[in-house]
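Heads up, the next two complexes both have chain A, just with different partners, chain B and then chain C.
Our next item is the complex of A and B:
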């Protein structure tokens, strides 16, 4: 193939990973923005979404489409419930103290990951895409499901945006983010808001996991990459800014796709992790974020 | 004075017990204790940063791995004398710690945790990227011949369990003495002051950044010395030593044993080593122990074993 088709392929791959990444990172960003905690177990929620999607679709092998739809609703709900339990049992008891919470979520990471290893096993298992068609370009064919995943992810992003900016819950959430004490004084049940936000963040990760699983098999170690990429996106986008997060997801997703196709995926990751460390040191509000309050 | 004598008895007793154990332990535990002493050195190095300066690093695997790769590749490719390789590995970690410190110490708290995590992940990826040299996950194995040497008319064979045990004990003793000296020195007191109240320490005229850099350098040096010893004693280095779990282990050992105590990291390493070994016999999901212990420690036992003993009974533990 020539450079042109190669570039097109890289752009397509980059767009798909950018959309999925945007959904995952948005969850991390919401949790950090509102609760001021870094959830290291975020990638495990992504993995749980994928593994549960495998389990749910395997229950209805005769109807892959409906099985997948069921997974798209059921897996995030189940993961959200797990997140609520984790919040009540662990995070709330720590009073969301930032450093203790990181250590606790590292613990949570291993608990969830190893529980899945025990129950689900070490194998990577495929999930059949709910729809089968190929988009045929003159140079190569392209899986149609990837475009569907992009569509579904953009719907999720729109819904999240609508939820945060246009609904009562979004308003309550932003009030809590802006000033926890004052929100509490105005009768906002801050603890319940925290639980809901933590669950919402986990559900976004799980939904991204479900969308990814037909492209990439479900495996108990698959949570690490989305976790690190989400960190990168949230840090570069600005820890406070949802818009920045989404913008950064596209920059990172597409450049990752292009560097991975033309160079090596490992090199792309090395560059990204070094850049993000430097951004965090020298521009702690991100490249796209506003000034610190 | 009484406190000093007690402290002397405690730490000297620990060394005597470790020395005596080599004659009592069966082969399997003999090797385990060699590992534990090397890993405890790593934990003590980690503790200098977290325990005495209050900076939580999530990336110490890069210093440990710098020691492993520095010494391991020195022997494997340059056919260095093992003592020189040990020095090379340790210095590699020291230089890396200084370089990382100059950048990362501009941050504190959560940002410092994430920055160190990212640097360590980049280091891990570098070991994979230069697969031709490092052989990635497969790693490098050092031959028995390369791990023997003559020093001052004495032939040392690092595959000999007894010599290996006593060299590990010597490394451990060195680290223990360094930590004790550091804690009792004026520098150590400034470090604790930074942990307790950085602003106030600065106001008193101390350059906090320089002290923190010193702590990180010492911490990196001990970590890489442990790594260098590990590869020379056990003859293997691979990418897994640079991966995230090897940054989490020292955190776990130090939290369990007691943050900011000299003897705590040893206790934590010993207990976790056996806890993981035992659960490894029963399940392939043995890392769940790491998760459960971390959560339990953070929730109910933040001072760890030695820290709790110090708070409740023996206030003199350094």
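Our next item is the complex of A and C:
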């Protein structure tokens, strides 16, 4: 393949993974930024989104488009509900201490993963894409649904950005993030904000899972990769900077696409990990992270 | 917000050191206690215990489900017919999670806790390679159903056998002449980047070059990969044949994305059915496969040339004429692999009865009895077909099939002879001490 089409394919692949990654990592970054919790179970919310999407679409096999739309709404809501329960049963009881919650979310990771293994089983199950068409370039064909997923992910990102910067809930969230004690003193129900933020983070991961599942397949182990990549993105971007997270997701996603296509996917992972190490050494708060307070 | 008592170390802590130690002690005592009950009867009336190392979970789960069904179908038949040397067969299953480290632990558990007579059933080559050395150290006869070349290569040990399924080196050697003669000579290979895929890479490269062909590119894909489009860009434009073999939960995505990439302007495509084991050929997105070819060890679709033995085996395992479960037409079998469990169990039966095996003390005699086997006749016990067995290499050799996809079904177009898959090597496990 010539350089031009090769680069086009690399950019397309990179853009798809960047958008999905941005949605997933945004959830992780929100939870850390506001609650100071490193949510190791974040990838499992992604997986739950995909598995629930399989379940919901399998209820309406005759109308894959509407089944998928139902999944796109229903799966994140269900995952959000699970997150609220996890918050009330686990995180709140640990008083949101950073160390204890890391251990607790590792436990949550295994509970969710093994529960899915027990109930849903070990198989990878396909979900039919809501819209199926093939974009034909002169040199190669490309999955049309991948471009649709990019569009849907960018809408989600826009909505999240609007929610955080332009709504009252966003303001309350940012106030809690800035200084939780002062926020409480001003009458902000911090516990409820925490529950809502944890649910919102989980819902973003679940929505990314739903968008991805027609491209991959729903499988109980699929949460590990997005978790790792989200951490890479969030560390590079700065743990409490939403802007940094989005930018880092694009840098990592697109460079991953280009390096994977021209060299090898393993090299792309090696470079990403190396960048994380360098960022941790030279800018411990990430490229866009504020000073630790 | 009021800081509450921390979890550990605070006044209200519910866990004292003493109670923690007690719990740990009780838990480990429970874990160490033997998981079996001694039989009161005479020793020979005890069942023959077979440890079944199964990929119930992890990336091999699709295969595991069918290995399990095939094994239980064969054991039921054997027990109904009076068992092995008059003893009923008891299957003890342990899941290894398709994980090499866990595999070695499972072998250990079979030997020390379940005290089984033999272990069998391991499929994925990295798990075999991780587990087999432990089986050798424990002097535990270990019958794998894996396809990998690791047994015949001499890399393992005297206790490891593969009597139920032909190895990859033999399979690909027998495919190369047909591919070079019918599809093309410039081949791009796509294979998983671990032992099993490396066997394909090394031996198919050698085999196609022997036919005057050449390799245009080698694309190794990490076994945990979930997206494949990026690899297809590396396929050189002058490729005449794409040779693909893929495993794991991503196989359907792999084949679908290959279709999206090429559409109708595709080169010839030859795949190992591993790329679509347990996957319905009628899945949306696979239409482009029409007119491509697959290797099969045992034809998934019962064609006109179905043997009475295949019919018998299919019925007993519960597989319909389309290679799906009789209970669920969406549940597709791993038909080209699972017969290996069936045939391995009958090989164990043959060797136990020939050696007069009674207990662990007779393991040496059993090993020698398996090594003395030279062939298997086609029949209900070996429904895939007749085979030869090389006692020095601990490996069997059988017929292979090439099928063409036509109307979302596989139709056999070529059957190889056993001689097509023979090769030279100097492995001789019989020289190793017992």
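One rule holds for everything that comes next: the second predicted complex is superposed on the first by the 286 of 293 C-alpha atoms of A that agree within 3 Å, B and C clash if a C-alpha of one lies under 4 Å from a C-alpha of the other, contacts with A are read in each partner's own complex, and residues count from 1 in each chain.
Note that a contact is a pair of C-beta atoms (placed from the backbone, for glycine too) under 8 Å apart; a residue touches a chain by one contact, two chains touch by 3 or more.
For clarity, every value in this text was computed on a predicted model and none was experimentally measured.
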Worksheet item: Should A:273 be classified as contacting the first partner (chain B), the second (chain C), both, or neither?
Response: first
Worksheet item: Is A:90 contacted by the first partner chain B, the second partner chain C, both or neither?
Response: first
Practice prompt. Would you check which partner chain A:62 touches, where first means chain B only, second means chain C only, and both and neither mean what they say?
Written response: neither
Discussion item. According to the stated criteria, A:113 is in contact with first (chain B), second (chain C), both, or neither; which is it?
Written reply: first
Worksheet item: What is the contact status of A:38 with respect to chain B (first) and chain C (second): first, second, both, or neither?
Response: first
Worksheet item: Which holds for A:122: it touches chain B only (first), chain C only (second), both, or neither?
Response: both
Item to complete: Applying the touch criterion given at the start, work out whether A:100 contacts chain B, chain C, both or neither, answering first, second, both or neither.
Response: both
Worksheet, complete the sentence: Overlap of the chain B and chain C interfaces on chain A comprises residues 94, 100, 117, 122, 266
Worksheet, complete the sentence: chain A partner, complex, touching residues on chain C are 1, 3-4, 6-7, 56-59, 61-62, 64-65, 222, 224-227, 229-235, 237, 249-250, 252-253, 257, 260-263, 278, 283-285
Discussion item. Residue numbers of chain A touching chain B in their complex, please.
Written reply: 38, 90, 93-94, 98-100, 102-104, 106-115, 117-118, 122, 224, 228, 231-232, 235, 264, 266-267, 269-270, 273-274, 276-278, 280-282, 284
Worksheet item: chain A touches which residues of chain B in the complex?
Response: 56, 58, 103-104, 106-107, 109-111, 113-115, 117-119, 121-122, 125-126, 128-129, 244, 248, 251, 255, 283-288, 290-295, 297-299, 302
Item to complete: Enumerate the contact residues on chain A facing chain C in the complex.
Response: 1, 6, 9-10, 13, 17, 94-95, 97, 100, 117, 121-124, 126, 128, 132, 134, 136, 140-143, 180-181, 184, 190-191, 215-217, 219, 221-222, 225, 257, 260-261, 265-266
